[in-house]
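Note that chain A is present in both complexes that follow, paired respectively with chain B and with chain C.
Up next, the complex of A and B:
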């Protein structure tokens, strides 16, 4: 008999059906991967098992954990199941811990509310659990606060809280999505080990097919609140029955069809030369010497017209600082950035022509827009950088034209940003970048937050625009498979320096720097699609 | 932590210095000679000069500023022009009323606001939430002097539970004193409690929506345990800011209420001193109030650091 059986699970919130007839089962010591795009109901399935659905939701069907029918338990009895028999880990490690309590207290809390152990015994279990999640207490004493740890370390603390009492089942909802590839690989390895050690069942939820494929024994593919396909990982990946599974697979490995660019790729567009950015480090005492942290360390590279250059590296490597420095948003200590033969910053002022020729698209398609302005106004904003201001009519015409180019309607200009989906918002961001006919667009994790099918569409759009408008891209991403399929050349950054640079395929096939090698090794590889 | 405190203390001292200069300059700008004002139009020149010398007005402005500040540092606030008694004694007398009144009102406001805010947030959308929000809306809107008069009409005139005004002094006994401060304290507390309850509610609602509350629930804490163990302390940070602001406001801002209830407090004193052009009193009381505001802010800063470990290391 399975450890966890979910039968005919139905959930509706405020009368709206969210999950329909979900059937799942998890074996002890095995990993069930649930994969699907945003809104498919993956997280809601997890919350239904935990019975932690938002207020106003209605849940029907059976959830049986090792002979206990969870749906018939009272809230009080359910509290005893959560944390003791089922543990749960969430996506956002930065906010999943209470900032005001030490990590030791938070781990010990799990022990204290479920058992009558003494203080010293709870402490012993806490230290032991820290060791199990590979945070040795000698290095990470339980007296630490969450803000003193990195994202990956915090996620280990969240896992420690979930597994302190050795639950039978662990549910991990996108546990590595917010983390770097190398951290992701380590955490997946840790989860696997815990499953093997304790013969625990694991439900691993992810939007990333590659993560699921490399970790799960069985998988369930979800879409619109329904499990469309399930079975053992091998079988599902090799004999995909459902068209949606095939579509998802194709989209995740999507390689945008490169179109021949009309530009000669020999004339340099962006030249970054010996760029240095230092940050002042806060002094510990009043009389300490001022010290500096070098975020960008003598970086030089060139992007040619119409070229597509990738920039990869882990968080904290200086990618974002470099991007901001190129955009003229950071003071630089030495070196230079020039665009089209002209310094971007001259006499401490950013030249108007650089502002026009260089645009940026950020990761968060919602956060980068003022929600109180119409889309038309948002898209027209960069027109301020033109030397001659267009009149109202010309402005409107320009907005309609770029909206049409990114696949939206002219009437969308009247709407507000909350009326659009994530993919459409990113199209609007691209429209805003396009309106001044730039020669370079910096894509800062621009497709990272999008679902695979939407991501494929946006990548196609970008390639199309590059060819017709002769645009060069600086494509910054932590997702190596996208960088590999999208860019011509790639820069690998570590500790503020470019450690490797070369043609994308060459670098990925035969990386020469050890860091590049470790990055590529850590990245989960998408399963091969059987045609 | 020590660094954090040292920084806060330094900024406290600087604020006081700047405030003292500004207050001194403003008082200096006020036209009219204090001595001739005190003596009336018919006074002869010799008496006027003698009085100026007695009041310490005959020296240059920078010297007067230094005298004033150094006097305050040693507890000497000068002599009141009107009453010819040391200002420090007058302030000390008045503080015996104003300080307990502010504390009393703040205690009432907190005692009402915390439960109201917590109930409203945890039972969002329920009847209790809607009624609490309605009442606090009213509480913010009603002017406190009007509410004070209503209180007097009901509890002093109709029911005769309290006296309509005056203060018997603490010599009359602690409870007699407290009793006479009760109606003013309620009148002062109502708008404060309303604001505080609303802040508490919205802050708690924000915190209850945080990811770490979900984590706590997944650990097996009941909704109640998660509220008390994890949400409340986090929600307290904005609430502390408001409490700090309210205390300084209550200390200084009770002018109207003290007048309605004939309470010999600081507010009434400053009001009278202004009408009598007793500038030395005005100067000193204003400075004292600035000190109170800055000191309370400092205490709130310490409270932040106690509540939030992230602040202890902040530079």
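Up next, the complex of A and C:
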């Protein structure tokens, strides 16, 4: 008898069908991985198990937890189930904790809501739970506040809140997506251990096939609100039945076909020399000395024309600061950046001609556009850097041309950005970067927020554009498998320094720096596809 | 649909009061200056729809004429605050951390530090009491409100990716302020504007009460309220009708402001089809964040 059985689950919101005929089962002490792209209904499945669906939604079918039919419980009885018998962990560790409460209070709160324990008993459970999530109270006393912890540690606290009462079932919705690879590996390990120790069932939801493959015992692949394939992980990966599963596998391991570039790879395009960027640290007292934090520490590297360079590092290593310094948006304390022989200076007198040669594509397809301008106006913005401003006709022509190149319609120029999907928005961002025919595009996690199939398309598009326009890319990413398949050369950054540099394949095959080694070891390996 | 309804109801209410103010220039049911002691403190009904005050003046006529003073004072005062405060705030945000930023914001603190009434007394001491001087006093007090709001909101907008890409395009900070920051502040400014308008009506009432606003016999809603105070127990209609006039004007302006804000937001204007639910939810969240809806 399974711990959790979901039968014929159907959910519709406002008459629109979201989930159809979902059948799932989770055994005690096992991990069920639910994998799918955005909009596939994986989170909705989790919410319907918890009965936390948004207003106006209708739920049919059975959800049975250890003999209890959850769908027949009243809201009050359901409150007793949530937190006590089912724990839940969300994606974003930065917002899941209340910044004004100590971590101890937040863990104890779960205990106090559901049980009549005394203060001292609740405290004992809290300390015990912290130990279970590997935050020993000697080092991490419960009196700490969330801001005093790193992202990974916060996520451990969130897990501690979910498992404080030893629930039978834990639902984790993309628990490691916002974390660095090494932290992600540790957290997945922790979740596995908790499942074994407590004989708890775990529903692990992720868009990342590699994460699911390395953690889950059973797997369910979802698409458009339907489970298209399910079974034990081995069976699913070795004998894929559904074409969609195969497609998903192929896309996640997608290697863009490199096209021969016509550019001379020997002439340097971007030269960064001994770049240093210090930040003033806020003084704690009025009379304290001003101290500095060195975000970028004497970084030097060169990108040649038409080259594809990866920059890898975990959050806080100085990647973003470096990017902004290269773009001339940050003052630098010493060193220099030059593009095509011309120095990049961080102020408004920087020559527009060197502005024109450098463009950037950001990660978040939702935040990188002004929602009040039409797409045409957004895409045309970089034209500002041209010496001679084109007239309205020429502008329109340029916009149409560049939209067509990224696979969109000319008529899309009149629409607003919210009318496009995440993948389309990223195409628009690329169009905006292309319109001035730059020689360098900085891709700041440009494909990280995209689904694997869309990501594969965008990578292909980027490769195609690089070949036809002789564009060099600085590809910044935390996703090692994409960096490996996309770039020619790679830089590994840690604590503001470049610790390793070399041909991508060489670095990945035989990393020399211990940090690179640990990064590569921590990256979840995509499952092998059986043909 | 609901959003469109707000706009229409708000616009109708605003139009009603503006019409009352305009009509009062050529016609009112009774003369607001003439005294008619025989008919003093009449209950609402008959010839005097809203009743009469302790001098026998018709309340409806006084509200119509008072609309001129109240609406004009509040609107112009909000206008002064916005026209001066918003550019100051935008400028300070663009020059964040520099001496200019400090100077602008500390100057605003200085104005904020004085109670509005004190400034009003100061101004009337120099220029003499009148409706115009009340406008100036309330307007000056609105400047730091808008400057601070604009600066704070602009600072968070400056961190957005689309501002970065505008900077990558080589646009100057002032141009980015006008092109990208200001349109995205519209939501906040409209909401704050309607709040300041209602505060303006009340401030004018306060100033008139101490004799620094519009001078008698020119009626204003504020002074009508103030004068009704002592007679509230036996003639409540003296307070209720000007009170309702203020409430409905503010309500109308709020609805109108809300409706306008949504009307100007392209994210709420278009039909959305063939799109993933996530995208809709995310966009809606960003709209809600900006509007402070939870």
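Assume the second predicted complex is superposed on the first by the 528 of 531 C-alpha atoms of A that agree within 3 Å, B and C clash if a C-alpha of one lies under 4 Å from a C-alpha of the other, contacts with A are read in each partner's own complex, and residues count from 1 in each chain.
As a convention for this text, contacts are C-beta pairs under 8 Å (C-beta built on N, C-alpha and C of every residue); 3 or more make two chains touch, one makes a residue touch a chain.
For clarity, every value in this text was computed on a predicted model and none was experimentally measured.
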Look at where chain B and chain C land on chain A after superposing the complexes, then choose clash or fit. clash
Answer with first, second, both or neither: which of chain B and chain C does A:515 touch in the superposed model? neither
Considering only the touch criterion stated at the top, classify A:416 as touching first (chain B), second (chain C), both, or neither. second
With both complexes overlaid on chain A, does A:486 touch chain B (first), chain C (second), both or neither? neither
Is A:140 touching anything from chain B or chain C once the two structures are fitted on A? First, second, both or neither. neither
Tell me which partner A:100 touches in the superposition: chain B (first), chain C (second), both or neither. first
So, A:161: does it touch chain B (first), chain C (second), both, or neither? first
Which partner does A:52 contact after superposing on A: first (chain B), second (chain C), both, neither? first
Segment of chain C that clashes with chain B, given the candidates 81-89, 243-251 or 261-269: 243-251
Chain A residues where the chain B and chain C footprints coincide none
Can you name the residues of chain A that touch chain B in the complex? 50, 52, 75-76, 79-84, 87-88, 90, 92, 95-102, 109-110, 113-114, 145, 147, 158, 161-162, 282-283, 285
Chain A touches which residues of chain B in the complex? 3, 210-212, 214-222, 225, 229-230, 233-234, 307-310, 315
Note which residues of chain C are touching chain A in the complex, please. 160-162, 164-173, 180, 183-184, 264-267, 270, 272, 275-279, 282-283, 286
What does chain A use to touch chain C in their complex? 18, 38-39, 324, 327, 329, 348, 350, 352, 355-356, 358-360, 362, 364, 366-372, 378, 381-385, 415-416, 418-422, 432
